[in-house]
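Residue numbering begins at 1 within each chain, and the chains themselves are lettered A, B, C and D in the order written.
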C-alpha cells in the first residue's frame, strides 16, 4: 500500500500543478484490486501542507482502514465507480474551470476534433439532474450511481470522463496518474469546444471515421502512436 | 494590534499572488471588535514596496489612530459594513477581471453549480446604481450603504460577497484571510458563470436542493466537509 | 540623455514582463523636451538580447543622433504625436491581445466601469480607417496624423490611449513609465469590456457622474487617491 | 546532421515553453535539402524526458536512417509537404488551443489586422474534410495532400500556416525555428480573431492595401522592418 499511497499523493499534487484546482477543490484516488482497498485524499486539506502520510485508506464499504484524517467527502462516489467498473484503477474529481462550465450548462462536451478523439471515443457525456431525494439522502453515493447510469455498460476507458450536471467533471483511468492525465485532457477539450462553438454556432461534430481513426491510432490492438 | 496588522498585511499581499489585482487596485482590512479598531491597506501604495508597518489603523469613525500613511480611499465603505454587520471580521475590495465584468454588466452572478453553492447560499447580488447625489457627496460611504441595502437583514456570511454596479466586487468573512479566500472564489465562479452562459444561453439556475446541500455540507451545524 | 535611455530601456523591458508583447511586437519611447530628442527602441530587436546601449536617439525630424541600430519602424508615429502634444513625455505601442481585438473590431473600448474611469475620462477611441493613399505613402507618419485627428484638441492625458483601426493600441503619459502603466490599464479594461458586453449585450455605459467622480478622484486638483 | 538535430531538438522544446502543447501533442521537423534527410521528434515521448539523441532521422520515403525511436506518427504529413514545397526548411504541428478551435469550427482564420498581416499575406486557410477513404488509408500522407491542395501553387512562405479541418494547425518556415515562430503567431492571431469577431459580429476583413503594406514591410525586397 505504501507505493499506492505515494502514487495517490503525487497524483493529487499534480492537480494544482496542472492548474486544475483552486484551494482544495479536487481529489484523486486509486485502488489496489487485490486487497480491495482504495487510497484517497483527505477531506479539505490544503495541497501545500499535505504529505504522503495524510492519504487515507478505505475499504470498498468506505470504512477507514488506515490514516489519521477523514477521507474526501466525495469518497462514496469513487467507491461506487470502483465497485461497478473493474477496469478502473484511478479516479479524479475536480472543479476545473471549463469542464465545470459545461457541467453547469448541462450539456455534453461535443466531440469536435482529433484532440478530443485521441482520448474519448465520443462525446463527454453529461449526467441528468439528481432528484431532490437523491441529493438529500446518500448524495455522494447517488452521484456515483447517476454517473454509472449515464456511462452504462460500455468499457468506461473508452470515454474516460464525464461531467455531472450542475457540479463538475470526474475522470478515470487504469491508474491515478492516467486519471489525472485524462482530467487535463477533458479541461483542454472543454475549453477548445467552447471557443469553437463560439466561433461557429453551426459547427458540425467530428466525422465519425476521423474520430475512430484517432481513437484507435492511440488505443486498441492496432495502435501505432508512441513507442510501444 | 500587531498581530492584526500582520494578518492584514499578508492578506493584502495575497491579492497579487492570487492574480486578483493589477497595480494597486485592491485593499483588505480587518477589525479588532474589542478595541473597535480597523487595520487597512494604505492608499495607492504598490504591493511590492509595502511592508507591515505601512498598514493604517483607524477607528470606526475613520480617524487614523496609527500609521504614517493615508488609509485606502475606500476606507469609508469598509467601516460602513463593519458598523452594520457584527459578523464581519475582514473585508476585501478588488477589481478582479471576471467579477468586475459582471458588475459592469449590472447583473448578479447567478448560482449555476456546486462550486458556487459551496460558498454562496444564492446568487452573488449586484447593487443598484448610485444616484448622482450619492456619488457626489460621501461617495465611499454611500457605496457601503448601497451594499447594505442590497444584502439586507440576512447573515452576510451566507453570501460573502457582492458586486457593486459599474464598479467591482467586495467580499468578506470572519477574518481578513477568509475574505480573501472568498474573493478568489467569487472571481472563479464569475468566470465559470460567464463561460457557462456563453455555452448555453438557456441555462437554468442550480436546483435549489442541490444548492442547499452543498452550502450546508460546508457550513452550518451539520457540515461534514473538511477535518472538523 | 543617459538617464532617459535607461528609462526607455526599462520601460521597454516592462512590456514582456506585463505580458503585453509577443516577440518584438511593441516599442516604447520618451522625449527630452529641452533638447528636443527622443529615445526609442531599435527595430525588430528581441527583448531578451536588448540592453541600454541599443536604444536609439533621434531628433524630432527622425534623424538618428545616437545609436548603432535603426530606430523602431513606428518612430514616425511617435514623433508626430510628440510634435503635436506638448503634454506627452512617453509613448507606447503594442499588439496586446484584447486592445488589438477592439482595434480589429473597429470599435472604441466603451467606458463601462470605474476601472476604466480611474484612468480614462471617456471611451478609448478608435481611429477611422486610413485611406489607400495614406497607407501607401508615409504610412507611419499618417498613423500619427489619424490619431491626432481622433484625439483632437483636448488634453491627451485625459484619455491616455487609443486604438488604431485594424492595427492596435497606442498609449501615452508624462513619462515612458506612465505610458507603459496606461498600456497595462488599456489591455485590462479592454478585456473586461469584452467580457461584460458578452455577459450583457444590452449593457449601459457608465453613468456620467460616476465616471467623473472616479477620474477626478485620481486626477486633477482635488484628487484624493494615493499619498500625495 | 548533428547541428540539424540540435536545432530540431531545441525547436521542439520551444513548443511547451511557448504554451503551444499539452503533454506530447506537437512535433517539429527540419530538412537537410542537400542530403534529402529530415529530422523529426520521436512519437509520444514526453518533452521533459527528451534529449537531442532522441531525435529521429528519416529519408524522404519515410525510412528511419538514424535514431533509436519511432518517428512522430505525423511524419508522413511532414514529408509530403517537404517533397512538394522546396521553400520549406522546417514544419510544426501542434494542437494549440485557439488555432485548433478554428480548425474545429471549420473556418479560415480571417485576416483582420496588422498583427496577422505582418506574417500572413491573406487568411489562414482551412482545409476541406478528408473523405472516409482518405482517413482509412494512408491518413497522415493524405493530410499532407489536402494541405497541398489547399495551399496550391503559391509560395507557401506567404501564408506560412494552415488549419486542417477538425484537427489543428500546421505551420512552416525556412527553418525549424521560423516554423515555431509562425506557430506562435498563428495561435496569437487565432485568439485575437476569435475575440474581435465576438466583439463585432459584423467585422470587416483588413483593408487590402493595409494587409499588403504590413506584409511587405516585413517581407519581400523592400522590407524595412528590423535591422537588415
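Convention: a residue touches a chain if its C-beta (ideal position, glycine included) is under 8 Å from a C-beta of that chain, and two chains touch if they have at least 3 such contacts.
These numbers were taken from a predicted model, which means no experiment stands behind them.
Counting shared numbers against all numbers at the contact of chain A and chain D, is it over half, same, or under half, different?
Mostly different residues.
Where the centres are mean C-alpha positions, what is the separation of chain A from chain C, in Å?
Chain A and chain C have C-alpha centres separated by 46 Å.
Provide the C-alpha centroid distance between chain C and chain D, rounded to the nearest whole angstrom.
33
Using mean C-alpha positions as chain centres, tell me how far chain B is from chain D in Å, no decimals.
Going by mean C-alpha positions, chain B sits 46 Å from chain D.
Which residues belonging to chain B are in contact with no fewer than two other chains?
Correct list: 197-198.
Based on which chains are in contact, what kind of graph results: line, ring, star, complete or other?
Ring.
Any idea which chain D residues touch chain C in the complex?
Those residues of chain D that touch chain C are 112-115, 181, 184-185, 188, 191-193, 195-200, 203-204, 206-207, 209-210, 213, 217, 224-227.
Quick check: in the complex, which residue numbers of chain C touch chain D?
22-23, 25, 42-45, 69-70, 73, 95, 97-98, 100-107, 129-130, 132, 135-136, 139, 166-168, 194, 197-198
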